[in-house]
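Let me give you the structure first, and then I'll get to my questions.
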Amino acid sequence: MQASEIYERIKSKFEDAIVEFKADAIVEPYLEVKPDKVKDICEFLRDEPDLAFDYLMCLSGVDYGDGTLGVVYHIYSMKHGHRFVLKVKVSVNDPVVQSVESVWKSADWHEREAYDMFGIIFEGHPDLRRILMPYDWPEGSYPLRKDFQVPEFYNGMKVPY
Amino acid sequence: MGLLDKRFESENIVITTVEDVLNWARLSSLWMMQFGLACCAIEMMAASASHFDIMRFGVIPRSTPRQADLMIVAGTVTLKMASRVKRLYEQMAEPKYVISMGSCANCGGPYWEHGYHVLKGVDRVIPVDVYVPGCPPRPEALLEGIIKLREKIRRESLVKKKLPPVYVEEK
Amino acid sequence: MATFEITTRSVRGDLKTDTMILNMGPQHPSTHGVLRLELVVDGEIIVDVIPHIGYLHRCFEKHAEQMTNYQQVIPYVDRMDYVAAMGNELAYVLAVEKLMGLEVPERVQYIRVIMAELQRIASHLLAVGTYGLDLGAFTPFLWCFREREKILDLFEITCGARLLYNYIWVGGLSHDLPSEFGKKLKDFLKTFPKALKEINDLLTFNKIFIDRTANIGVLPPDVAINYGCSGPMLRGSGVKFDLRKNEPYLVYDRFEFDVPVGEGKMGTVGDCWDRYYVRVREMEESLKIIEQAWEQLPPGDVHSAIPKKVRPPQGEVYFRTENPRGEIGFYIISDGHSASPFRVKARAPSFVNLSVLPEISRGYMIADLVAILGSVDIVLGEVDR
Amino acid sequence: MRQYFKNIFIAIWTILVGLKLTFKHLFVRAVTIQYPDVKLKLPERARNRLYVNIDDCIGCRQCEMACPVDCITIETVKALPNEDLGVTSTGNKKRLWVTKFDIDISKCCYCGLCVYPCPTECIYMTDVYEFSEYKRHNLIYHFSNFTPEEAEMKKRQVEQFELEQKMKKAKPAEQVPVNNPESGEKKS
Amino acid sequence: MPEIFNMLIASFIPLLFILIYAVVILWVEIKVASHVQDRLGYMYTGGFHGIAQPIADLLKLLTKEHITPANSDKIFFTLAPVLVFASSYAAYAALPFTSTFIAANLNVGIFYIIAITSFVVIGILMAGWSSNNKYSLLGAMRSVAQIVSYEIPTVLSILTVVVAVGTLNLQEICEIQKGGISSWNIFKYPPFMLITFLIYFTASLAEVNRTPFDIPEAESELVAGYHTEYTGMKFAMFYLAEYANMFLVSGIAAILFFGGWSSPFGKFLSSPGWGVFWFVSKGLFFVFLQIMLRWTLPRLRVDQLMYVSWKVLTPISFVNLMMVGLWAILK
């Protein structure tokens, strides 16, 4: 099932949630949606029998550098063998996205990592805390942001070389 | 060196012979702590496997820090792990030695420039006796590091280190 | 699933019992590296497991963005899953080539398949060896490493390194196969099946090993898919999904090999024994692939397609391949003008497989948790990236 | 009841099979390479310690740029026109003094990316793997044959020569007979 | 006056034997383990094949720092290794090394040995509890459950032999089996004595915490079980006690089933001097068997351990005891 047909199915159901569908993007077309509608779209994509996207391949946070953060969902269907790309863009000052942890359990750790690295808050996530960085890492500093400054000291240890 | 360390003022025939025997005992049965962090741990396992048998030097992997007297820091020490490495080092019984294996443990290795979470060298947390360079070092390089450590232990002495003479200018 | 009934705060007669927090700390003989498991334990029975990871977070994604060109990221990709470095390189390089739309000569593809399959055998040998070690059997660990050394010799005469190779480059390979590679590969293929049979006799069909692993840590197929597990974890639960067959890349579609799946021979489908046995059978399949690939190896030059400047167009790609531990995927965004990647996200199989650990280890005993963790077969370099 | 006895029989049988195997392996020759006495001959592509043949180095900094870890630091000084630095073995004309060529081998990740871009193949990886140290700063290798003072002196010479060039270019333009103090020194 | 002299000699010789045997077996275990795993084991300490390695180990352990964990019961912490070693050393009193030499010729010899070896449990429990470490406590709990539940099959199989032989005195048991290989107990009442030996050997493996029953000091689960917190000489005492126990149980197996110091050729080579050789070599053969088992088998889980003891060994040893009893009466 091609990406454009999947797009049609989503458009028919969630008309207002769609921001942009880029069919001719390099390598894979993707669909950008509004941050507060992500969970419903994902549930629809998973429960629809002939879409059956039951496998979340990868959920990655991205810092686009010009003050917008993004979350990219790569999903795949085991039954039909087709794949789809969903994108969400939020601004840096209120980076809130709906959590899809209830749809795919593998999103749990991916979202915690996106929060840990970019500071994207996933509302509805059971326990959103840092996963890779130490728990007492300073609150506002998210390492993978483009404007990240390495702290001079951490617990008495000099960090830069 | 535990009970008798640095207890004696001067060297005499009895001390030097006792020193040699105890140094020989300590260097020929260095019990290693099973403590692997990253890729160097795989090379450490290969060193204790059949091809480059580390047990030929009397190095037996022990699982608890209490019974180990050689800690091989094999891999990248991150900031989150640094306090653990320090605590493990403190739990070891006194005559303890540390081999820093691999570039990451020596000075942060490939992660020294942009590694915000990597500790730049384990010698910032615990004193290191021998640095084994390599990324990861060959098992033979680790064995050579152990031989170098054995040389260092052979030269250790019970006598308190003589401080360098202090030069006082003439009035 | 829980073999014993869980009594968190049970009152046996007037004896009031309570759960205990046991910390299988970052340094523990059986945590395969620096993983901290916080166990909530009622006596010996596990009530809950809380994994704490991040003790080996080496900021791979930050490094990928700071490098000056795509070629320099490959040594860092090697250090992610340091047991199967060739697999990571392959996934990253194929992703960049797909982004650039670069065509690679046949010979390079065949050599890449041979190297990836040799790496799969070496990685599974380590997994089998350490699994025996976790359950108390020391000898299989050393026999497995004796065989693994032969594969490392093959890698060393080809690219010079034993563990982290930097061998597969964007567009080709760093060296062509040396002249004595064929002979060494031949006698490895001849002696390995015998050694594998020995390890099987000693460990796989040993009654105590079967008691310790059958019906333990059962992972139902739908939970496996929902948690995103892949590789031997997924196939152990009976789901016949292998990227080399379902989404063939390189020249995998030219070889015929079958995908072993857990059938629950010694217990229920999806238990530790099945995951272990899928790995042993996969080693035999990899042997078949290597033999076929070696016969059909075409001549050619491996350096011909290596571009002088690697400048992928503006765009992004998500490409995944079948690593020994599961499906490794690289999501690369390139902004067209600069030589270094804008964002590289690595989807590591161990990271996802580990997230299912709390789900499948409730109700078992501490000794079983060690068996379950061994059968999940994680590498911390990949989990923490 | 039958399963009960079958279990016992399987247990005993597999233990005996295991014992047979380990007993057989007691007499299999050990595969150990006794390292300090017997050293393995490494294949010729082995990647261990880096070595730089400094006479062939033309100071092009290709290796410094290619290194992902930036563990090579090179400082070069332009040769004065009257100085002739000779030709490298591969026939390239040398035009730069390499006053500082340091490799911090404890940072190096042994990936071998610096070996390919070198035009004169003067940097390559040897098969020496025994170089562990007691002190970390011994792992910083200095390959250039310039002592720091010589490098300093060479640099001053070149700056001073540049100054004169600028002075010469500036003087004909102004045609002002300024008796600047440096002109006296030019001849020394 | 000579009475005390005799007692001193009688108590000193087993201690000397344990020390020499432990030093040798330390070296043998690692060498056997290495050659089973196709490698070389000790090579460089003390010339040929690392002969002096155990001496180096013990000397190093002597000069290690003694660490007593914070807020742990100091008294129990130091007493535990002493108790564990003392109990296995005390059991050597009743072992008949040869026809003329036995430390204490008790006529309840075997009963004394079973009683005294159960002190080990108390020692291990003390070690586990007092080192104030969760892993040690778990290790101690497991070892108590294991040793106590394996006492039953051990005692029952010994009872079977006593029924067949008729005396508790170890010296007399050896006397009865003097007539060469055919008179050894294992060949009497053909199938049952063999089954008794198998049960006894398995149960004694558990008694001594050796693989496949080495759960109290399970390397991969409980870090190092009950002796996690012990360093230096205290740990060496545990190490020594484990090897002393190993020889003790294999010595008893040799006496009860394979005729102790009696030579397999009946009259030939059966002088007291040779008696020691036969007894020690039979004991060392079973110790070698235990070492080989350690490097082949994985470890059992605690509840499987209980299953083997209560559901398999005990019922079969009961049936066995009845059969031998009936056969002895009908004969």
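Think of it as A, B, C, D and E in the order they're written, each chain with its own count starting at 1.
To be clear about the criterion, a contact is a pair of C-beta atoms (placed from the backbone, for glycine too) under 8 Å apart; a residue touches a chain by one contact, two chains touch by 3 or more.
It should be emphasised that the depicted structure is a prediction, and the values quoted were computed from it without experimental measurement.
Path length between chain A and chain B in the touching-chain graph (shortest route): 1. Shared contact partners of chain B and chain C, listed by label: A, D, E.
Of all chains shown, the one whose average CA position lies nearest the global CA mean is C. Set against the Cα centre of chain A, the chain with the most distant centre is E. Separating the CA-averaged centres of chain B and chain D is a span of 27 Å. Centroids of chain D and chain E (each the mean of its C-alpha atoms) stand 59 Å apart.
The geometric centre of chain A is 42 Å away from that of chain D, both derived from CA atoms.
Averaged C-alpha coordinates give centres for chain B and chain E that are 37 Å from one another.
Shared interface positions of chain B, i.e. residues touching 2 or more other chains, are given as 49-51, 53, 56, 63, 80, 107-108, 110, 112-113, 116-117, 135, 138. Looking at chain A, one finds that residues 132-134, 143, 148 touch two or more other chains.
Counting only residues that touch two or more partner chains, chain C has 29, 54, 57, 59, 62, 75-76, 139, 142-143, 146, 149, 164, 202, 206, 208, 384.
Chains that are in contact with each other form these pairs: A-B, A-C, B-C, B-D, B-E, C-D, C-E, D-E.
If you check the complex, the residues on chain C that touch chain D are 67-68, 71-76, 139, 143, 146, 149, 156-161, 164, 166, 174-175, 178, 198, 201-202, 205-208.
Partner chain C is touched in their complex by these residues of chain A: 25-28, 54-58, 60-63, 72, 74, 78, 81, 85, 104-106, 108-109, 117, 130-134, 143-144, 148.
On the chain B side of its complex with chain D, the touching residues are 50-53, 56, 103, 106-110, 112-113, 121, 123, 128-135, 137-138, 140-141, 143-145, 147-148, 152. Taken in their complex, chain E has these residues touching chain B: 30, 34, 37-46, 50, 52-53, 55-57, 59-60, 63-65, 67, 219, 223-224, 228-232, 235.
Listing the residues of chain D that touch chain E in their complex gives 8, 15, 18-19, 21-23, 25-26, 28-32, 34.
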